[in-house]
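First the structure, which I've put down as structure tokens, then a few questions once you've had a look.
Labels for the chains are A, B and C, by order of writing; each one numbers its residues from 1.
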């Protein structure tokens, strides 16, 4: 989408009412410079009750990522994906479409596969976030699903792979004996450009058949060194 | 994405109090699957997001049996509809439509309320040319590429199609929605909730900027009704349908007593086809009667230039939904 | 020694030709593989780019003063700036205009909104599907704008020079212009051609038209060819512009550790060529740095498919942003909309074809009127007719210039489009003759180059059996009577694939460890795995014992990964390096084994005397004899003996079902039979073919760059309406690699392009076989299928 808005819109002051005080609300552009940087939420009165309002400036939030509690300083507009990748250097989840259309950013939140690009970081507080990095069977040991992806050559360039493996892990956990229709419906939220679907289909079929294939080449299952 | 204020109230009245008086002030954040994309594309630029997911109490979060019907909280995830026995057993068409919608990741995040209030996917709208897709007072849709646009209710100036693939089933079941604001609540038939906007300042539904959709209420399904939902979709999964139809048939022995036929992705609003329903009334369900109902459904359809094929697809969707319903719905 | 580098015989291979899992697999499935996008150095600044909302517009002024003062902003760089101060004209929507670097990505985006640009919007043209009508551009004399357009849109050098030589220029080439070209680092042969080009001032008044005739050739006597035929067919065929849609967007992270050194991470298919390209681009911006002082690094790349050979604008403006920010690292990765708009396009090709044959199925004549676009620079003619060099041809082609994202090489450039046109016309003609296309193709095999006739015949046989094609084939339109129709189709294809220039440093250390350094890159094709397989088989040690380093411009240069040239290049340079290093080791250990180096064998982790395995040293024992200095040799390709070759053939068949009420096509099964000489790794080789089939289903059914005629913007610049095939859209797939005798001896030949060529044509043919009518253009979407069926009905009624 070509951004065609090259002028700053005037932001009108908020109407009083709803218990809100009249004040100027500045949010973007050069105007944002005028907003003093405060940390911690503002408390505003809504119908006689106090409500916390965060932002637009950055403020500390706490995320539980792969079992580790992490505190970071982000604006409310930062997505979980960007917080993971840029602030925490958890780069397994990939940014591809950034619009919930491709699946490369898939993570598990409280066990459910979701698009981290379509989740705000501030909204992911208090939840268990698991990324591809957190799906290993041990520090250097692949999980059975990861192992099967190697075995069936279900990755090429690898950029969709993190999201696909994460989605597959959740899918096979919930569907231990998947049918073809279930696979199509439940792995339909991820796309691959190199065309590794044949291998991914085999990963699912092998699981359905109860077969956990052994690896062919020695050393293929452990991750050592780094590329 | 532009900067915004963020609040996550715990109480319903706080949430309602935080909403603004005009569009552009505030947006409600629930699943966020549509809203965040709209904000990243600079189509929607709220000053404040009100995250309602933490609002306490079962009202917004639960599926509850009410009298003979069922109440679905606005925050119920699409993924939770097919697995709820109240839905699966009594409203199988809804369960099926929810299961077919989007992708598992989206179904895990997206909510009932958000699905109803999601914005159109019209590519002129999403490319920054406004809801009506106009430039210099002229419709880009009419002049340009309208292969996915409306074939019914397309007298203008709105040509987009209603995006939800679940709403037609809800309407067929006779759903009502509850809309709450700080000053009270009102209940609106879902069918009447959607409007065809006449100008750029109007939205495509009746929700006011300071209102929140809290509940979807379904009456008891008519006893012995036969239902099915059919989507014409090019890809096997995760693809916007080209036409959909929800069919609910009340039977009288071998013939249709009355029918509810609701089409999706064909008009700026979910399209209730009384013509198709009348065509089925008093008739047995056969290939011929179902096809005649499909023909009746698109009798007033008109091509905008590139979307003539959708008239055929809508007709087929109606026919197939009726035939599937008669066979006892889909697996 | 004769043939010392020759590929080992089948019984001497522990790895080559076997099914080996890719060595980088574990890193990719665990999220540990690092890509350019993942590189987060300390102090990283994030870039954002203001892009043109207009397809054609002159930039009157740019005011960045407000943006520069925005919070977090560290540098601003105007991308569209003519050094002479002339206003720049944008040629396609989405083109980069201004880049900003700030402490967060959101701050950079905020700053973009504060930039003021005054545009003079110019009329644009984005239509390419309709057959050209109206005036052509006069004699194709190049104006200054044409030349700049050709250069900025990367028209192939040879083609440009030829055009300059033949047609000349319409403007006076003065010293100032030559100076400017030099400043922009335009290659000398092009500057020479411009200087020597005939001057045609009268051509300045040639009509403004997007249409330019780029081919008009006649071979034999088409008129009498058509006259002598019994059956003639005329049809329309084509495929629309599609985009590469690499999962990892194009992009760069650049930093200046000191004012004289530049470190660049770039998502690229050509690591070794990047320093030179970037240095050239910087020079045009007034920044002088030796290519030797630019280091380019890339461990993994998230797809390329032909779109990542150039340093691109971002390869220059990101280092500029960094320089202006005091050398701090700056990252710009293209947003998905920009990625689809500007960083990927496969040209469209359409043609109206007339083709004729005798009653017994011998083609007698071919006449094609083609057109298509590759963006602002127009497009080159596709190789028509494809594979079948039939007698009596006339070929005319009109290049259409459009204000759309410029084309880039896309897996087997021009071939898939040429196959859709040619194989479609052949299949239609066969249908008219009521002939099984397998039989028809066989009948005309003499028009295929002699070198591949037997290969195709063998492959047709095998594919026929895998698909049960001939036993299941039905005449056109007899694919059932209900709404679902089933059909079969086929296509054949070819490609070159000779190994590119490649060098490596090959080192054996005294402790037995082995090091290979090569400036190549692994696009996910299995390049790393192949290099290790060859090295391990040559040294007789396990792959795990070898350390491989690639993806760094400080390693010996290796060619870009394109045109299926990588496997031949890297396997050959590795083989030569490994053989020479091994022989050097043999020389060191021969005395200890009481033998001579030429009698030694390295296998199963041992060095032993041929025929007497009792005279052996373990690999470690042998290496201990090296002495304190390791053995280092350089492996090269090309080099002595031919290890790589060119020219492959492949056959593909498709089985489809078509819902004639909705026009929705489902591909049920595809088979691919492919030759690529000696296969190094059967597993990743098959994956290449399987991936090509998936990509083929995707472009056959779904993919299309859609431009709005009135605003000229790409309407589906996202991944919901730019549809890619998903897991559920993929057919049953069977791959057969032609290996063994007759194939292995050919040497190693590349594989990535050829299997991508045929799927579109085979699927289009299967659809025609199913529904009895040709759907002219790919992608075969419901609207196109229903339209074809409707026109058929009308035709039948008429």
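As a working rule, a contact is a pair of C-beta atoms (placed from the backbone, for glycine too) under 8 Å apart; a residue touches a chain by one contact, two chains touch by 3 or more.
This structure is a prediction, so every number in the text was calculated from the model and none was measured.
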If I average the CA coordinates per chain, which chain comes out farthest from chain B? C
Contact counts by the stated rule: is the higher one at A-C or B-C? A-C
When the C-alpha atoms of chain A and chain B are each averaged to a single point, how far apart are the two points in Å? 27
Round to the nearest whole Å and give the separation of the Cα centres of chain A and chain C. 31
How big is the gap, in whole Å, between where the Cα atoms of chain B centre and where those of chain C centre? 42
Which chain C residues sit where two or more other chains touch them? 106, 110, 713, 717-718, 720, 725-728
Quick check on chain B: which residues sit in contact with 2+ other chains? 1-3, 126-127, 236-238
Counting only residues that touch at least 2 other chains, which ones in chain A make the list? 1-5, 28, 32, 75, 77, 98-99, 184-185, 187-188, 190
Which residues of chain A touch chain B once you look at their complex with the stated criterion? 1-5, 9, 11, 14-15, 17-20, 25, 27-28, 32, 46-47, 49, 51-56, 75-77, 79, 98-100, 103, 106, 112-115, 117-120, 122-123, 167, 170-171, 184-190
Which chain A residues qualify as touching chain C in the complex? 1-8, 28-30, 32-33, 75, 77-78, 82, 85-86, 89, 91-99, 101-102, 104, 131-133, 135-136, 142, 146-147, 149-151, 153-162, 165, 183-185, 187-188, 190-201, 215-223, 226-227
Over in the complex, which chain C residues touch chain A? Could you list them? 19-35, 37-38, 40, 46, 50-53, 66, 69-71, 93-94, 104-106, 110, 112-117, 245-249, 299-305, 333, 335-337, 341, 523-525, 528, 542-544, 683-684, 686-687, 690-695, 698, 713, 717-720, 724-728, 730, 733
Which residues of chain B touch chain A in their complex? 1-9, 11, 13-14, 17-22, 25, 29, 32-33, 36-37, 39-42, 45, 47-49, 51, 53, 79, 99-100, 102-106, 108-109, 126-128, 182, 210, 236-238
Within the complex, which stretch of chain B touches chain C? 1-3, 121, 123-124, 126-127, 129, 135, 140, 143-145, 147-148, 232-240, 242, 306-307, 309, 312-313, 316
